[in-house]
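Structure record follows, encoded as structure tokens.
Chain naming follows the written order as A, B, C and D, and within any one chain the residues start at number 1.
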Amino acid sequence: MARSLLFPEFKIERDKERCIACQVCVRQCANDVHEGSDTEDTVVSQEEKCVGCQRCVNLCPTNALTVQTRKDGFRPNGNWEDRHLRGIYKQAETGGILLTGMGCDRLYPVYWDHLLLNASQVTNPSIDPLREPIELTTYLGKKEEKLDIHWEGDSPVVRTRLAPQLGLEVPVIFSAMSYGSISYNAFRSLAEAAREAGTFCNSGEGGLHPDFYPFGENIIVQVASGRFGVHRDYLRVAAAVEIKIGQGAKPGIGGHLPGEKVSKEISRTRKIPLESDAISPAPHHDIYSIEDLERLVFAIKEAINYEKPVAVKIAAVHNVAAIASGVVRAGADIVTIDGIRGGTGAAPQVIRDNVGIPIELALAQVDERLRLEGIRHHSSLLIAGGIRSSADVIKAIALGADAVYVGTAALVGLGCHLCQKCYTGKCNWGIATQDPVLTKRLNPNIGRRRLVNLLRAWAFEIKEMLGGMGVNAIESLRGNREHLRAVGLSREECSVLGVKAAGEGW
Amino acid sequence: MRDPFRIPSGCAVSGILNLDGTHVSGEKIIRSIEVMHERSNGLGGGFAAYGIYPEYAELYAFHVLYDDPLTAKDVEAILKRSCTIEHSEEIPCKETENIQNWPVFKRYFLRYRGRSDCEDDEVVRMVMEVNSGIHGAYIVSSGKNMGVFKGVGYPEDIGKLFQLEEYQGYCWIAHGRFPTNSAGWWGGAHPFGLLSWSVVHNGEISSYGINRRYLQNFGYVCNLQTDTEVITYLVDLLVRKHNIRIPYLGAVFASPFWEQIEKMEEPKKEFFTSLRTIYGGALLNGPFSIIVGFPGGMFGMVDRIKLRPMLAAWKDSTFFLSSEECAIREIAPSLDRLVALRAGEVISERVGERNSHGQKLTVSGV
Amino acid sequence: MKHIKIHEEYCIGCRLCEINCLVKHSHTGKIIKAFKEESPRAFPRIRVEEEGCLSFALQCRHCEDAPCVENCMTGAMRRDKENATVLCDEEKCVGCWMCIMSCPCGVIKREKKTRRIASKCDLCGGVDEPVCVAHCPNEALTYE
Amino acid sequence: MSETLRTDYLLIGFSVSSWFAACALREEDSSGRILAVTEEDRVYSRPLLSYVLGNRSNGMTYFGDVVSENPAEVWWNCAVEKLDGPGKWVELADGRRVAFGKALVATGGVPVFPPIPGAEGGGVFTFTRVDDMERMAAYIDQHDVEDILVLGGGFIGLKTCEALIALNKRITLVELAPRLLINMMDQTGSRYLEKALLKEGVEVVLEDTVERFERKENELCSSVLKSGRSLPHRLAVVAIGVRPNISWLAGSGLQVNRGVLVNAHQETSCPGVFAAGDVAETMNMITGERSVVAVWPEAVAQGKVAGKNMAGKHKTYQGSLPLNAVEVGETAIVSAGLVNPPDNGTYVTIIREERDVYQKLVLKEDRIVGLIFVGDIEKAGIYVHLIRHRIPVDSFREKLLQPDFGIISLPLNFRKHMVEGAGIEV
């Protein structure tokens, strides 16, 4: 076999003074990077296998390990970066598409980081969330344009029946991650945390394991192009149904869960044969145009007796505003838009890194477009794709989102270190794997607690920021771009975002 | 010239309503608002008066401010498209010690020619067209048998400029302004009027950005960047178009907290839940106390956590609303009843409808 | 009385419990010294058992009717009256190994001090949380 | 005949089984009189004697709280001469009679001492009681004893060696059989033991015995073995065995064989009279045969069963399981159950043998019935548990004696049951 030209991505430094050869690193590495010795108190490492997940570093009881990105030693070249060489070497060896996991890691502008929030000074008292209530309660679903009120004397009689709503205590939902792409324990962590925190998690296109039916009130189930695990009870047990058209990490392409990951439980959940590849087609083959979507939306509404909202998820692509408008008009109660930085368990790297647009721009345009068309209230806007902090959440809401999905942030909360190797199924953190040795590493009790903590912390921070703006109900910030100002953006970007430049007053 | 800046303001507000319909001159309201001189800073003052044009009571009275009088023909062309100008005149003004320069103010009395079921909408459309389309002209009020008089200066000076002591009305509301950002534009002063609504407001609406965009959904174009403007439009939308009665505006503008709604009994709970769910975009967040005048009545309201003052008082057949008690005592030293509005509370009175001092209509105070 | 609960479904087989137990029962109580300098090296009172993808850490269960206590001819192995912990009194133990023969979990070891004595989990001497529990990264051991 | 005393419960002999019987009685009967009579002057742990001799123990009482929490009234230095089982009385050496409601015979064992010429006159000891030990220790001191002969490579002989090794004496161990620990060890195990003894400076002489002791100026100076070999030594320990102490029971009405015969409730042929410990002949749980198993855990268990049944409760003894452990130098050696099975085709042995480790399991059908562990004994208790509870091992047979064998190798339910005993979840 010809020698590989690939070079290790990481450099592992083992402090010999500190290493006690306890072999924790050996036992924890699913990639067999570390190797102990039966006869000597030494451990050696094979760097070429390291994915930089930092599991060994984290568990090393003496902090003897450091895993760093390796300086490649190539002649610096502004055009030909490491990743280009690495990609070419790999493809020259394998002839295949480069796969990757998690969201786009390219240095495209992150608009959240160019948006600044407002606060009250003098003319308007800020509100102290420790002393006064600040409400984050959010309802997702179609809002009627007006309440049909009939007056009997002085008493109002409401003739409008509210459309089904999803009530959130915090405007953050765990985004679609299927059981299959993530482990049972990871899914359980999400479901339990969603229930405890008063929000939702999304089944992804992996069906719903029977163990999670009791969590139905806090689960949004997905109907994707593969229709995996979709059946009557699946639709009915959930709090809402989401039709997945596209995904931010891989707009325009489908999904593929390799057969080796289709374990007994997954085959049972997805209703597919054991060890068969689970392939989600790129399009829904019953949706080749918007009116087909409408038909599916209403087919599902019929199936669930119009009792729960139906969402439609699309990837943020160039014409997203018009597409979203069509989706709203097709009857979606919630429109989910997933930006280019949205995560994935596996996607071709070239797609992930080059297709789609940042969610901030898509959100701003969709919200504005729907308002211009006077249909903003027909659907709630749920956005996804790279929400990293409570600041991102609150900025998204100020830009016009009703709530946000977090996927990567939730996984990071569970221990993910963004090594981007989800597609290998060897997640050392027990998240994106089905290997029973690895899945045990995520104790859902800890997972639940960490996620609930994360949401609680974000909620506190959001309340602090809201209070600072003198706002005590989240709906008063939603779409309230007056509380946002842009720094370091061009006029065009400001205009697309519908946000004034920092320094501009009211 | 028109200034696109939104102006956060402090301010004084005051209102008088004669429940028996008795007309009084503007002298009292000027005295009342003048007491609260310190709440203003000379950058804006104004009044709304109801019942002042009994001879044209059936017609829309448009008060139009011309920064550029040459635009008058453009404005009139728009007005004439759907209305007949029965009468027009310059609004008489008299130079005062503190105000030597002022723009041209004209008033038009218009008869709408189209279908009666959409005349209000057409008038709103006309106002939007002029105010957003014609630079140099601005419609400050567009109701019937009422008018708004406002400008840059202390309210008492504005009152004298417009010679309000010469007008007779059954309801007067006034505003003295303390903007923290000098706009210096006459059209930006308060009250704000649309149709027969007039609104004065003390406060700063943190939710302005979304309230404004919410209104866009319903065709209201907010171009004044003032809270008062969005409040006016919201009142118009909710009361005139969505059939929400004034006493329940508090449930939308200053909604109870979810926790409180949770504890309500049905059907009240469902009503409040529905109102809040559907009208979340109309929730006014941040500090405010407002007085809204409308044909035959006046109401006052404060924000959901009472960050701005407002008092209501009754003396014989007169109903008062004001930022400060002194402003009421100035014109009615002894009162039958005086109450401070509670958070989210709406107190409304109408001519000929004697409530027991507002008690009956206090629905949304929690 | 609090017990160390074992949750085998979450044991990740890292053996940090063993490592930290060793350190706790070492001379210096310092991890690097305990491993690199102390001789003989201390040993853990906890044992991680592994088979396939299953693993769990096992230490003295502090049984209610502890056979090691009954079968101790010196009275060294005793049940602490206050907290019901089964402890070995090093002063009394002579190393007859009847406890080892009696322990159904096989969690008593021989330790060489001035003489050989039986050595087992002492729940870290009545601390709030034994080190194996405190250092279990996945809460596969809990103290409750 | 002097006055007759009465007691509800009479314990004859006061060592481990009496102690546990007394405790069990007191648990069930808070007021009944519990009287113990013993010809010794204190209570102590008999197996601890060798450790005391070797200066490896700080004392010889077990349960430091024996004195303070003793549930029985004890008459020390008070031997029983005669028992009338059906009549329910005993006669003491001083002529007093004690009538009892229930009695426990727990008089233990006495050493076997064959007639060897020259044994009389000092320097030749048996080693089962505290006064043996004290006399021996004094003798060693007084005579500056360096060379010692231990006659008998059984359990007591080995324990004696353990103690004397600790005292840095030069020892010769003489055993008539071709291997040591004849009852609890096999040939291979014995070789490990011999090796360990050798390492500690003990000379092991097998298939030989002492023909006579020789004396110089009346002091013991050497012995002559059957093989003709002469061994110099100033002290000899005769440890060729112990038999149940039943000679005094002649005419008591109790059925005796090698020991006092008891049923599963430790009751003798005479209702109301029980026996426990080294004096009792019980059912061997492995072989199903009657035998005297003179080991501490059985004495504890039998004492408890006897006590409960004497108090009127119904408690059954599961049968005896021989358990033994010795340690020579670094080498620990344990055995349990049947270790030398008859070669009749019904037993299978599994053996693991490494440099310092020898492990052997004896299986009958799907159950383990005996074991020998040399060197690595840590997990012996798990196997003993399997033996004692007759757990079928077929489902995990291939894991037996593997280095990573553990609780994890056991069937799930059994594993959970074991650790859940104390409310623990696995």
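Note that in this section a contact is a pair of C-beta atoms (placed from the backbone, for glycine too) under 8 Å apart; a residue touches a chain by one contact, two chains touch by 3 or more.
Here the structure is a predicted model, which is why all the values come from computation and not from measurement.
The most central chain, judged by C-alpha centres against the centre of all protein C-alpha atoms, is A.
We define each chain's centre as the mean of its Cα atoms; on that basis chain C and chain D are separated by 29 Å. One simple way to say how far apart two chains are is to compare their mean CA positions; for chain A and chain B this gives 46 Å. The mean-CA centres of chain B and chain C are about 79 angstrom from one another, to the nearest whole unit. Averaged Cα coordinates give chain A a centre that lies 70 Å from the centre of chain D.
In chain A, no residue reaches two or more other chains under the touch definition. Under the contact rule defined at the top, the touching pairs of chains are A-B, A-C, C-D.
Residue ranges on chain D touching chain C, taken from their complex, read 16, 45-48, 51, 56-59, 61-65, 296-297, 300-301, 323, 325, 327, 332, 334, 336, 377-382, 384-385, 399, 404, 406-409, 418-419, 421-426. Partner chain B is touched in their complex by these residues of chain A: 120, 122-125, 127, 132-133, 135, 137, 139, 143-149, 151, 154, 156-158, 160, 162, 165, 371-372, 374, 376-377, 398, 469-473, 475-483, 505-506. Touching chain C in their complex are the following residues of chain A: 17-18, 20-24, 27-28, 41, 59, 61-62, 430, 435-437, 440-443, 445-446.
In the complex of the two chains, the chain C residues touching chain A come out as 7, 9-16, 19-20, 31-32, 34-36, 53, 135, 137-140.
By the touch criterion stated above, chain B contacts chain A in their complex at residues 5-10, 180-181, 203-204, 206-210, 212-214, 216-219, 225, 241-245, 247-248, 255, 257-259, 267, 270-271, 273-275, 277-281, 283-287, 304-305, 307.
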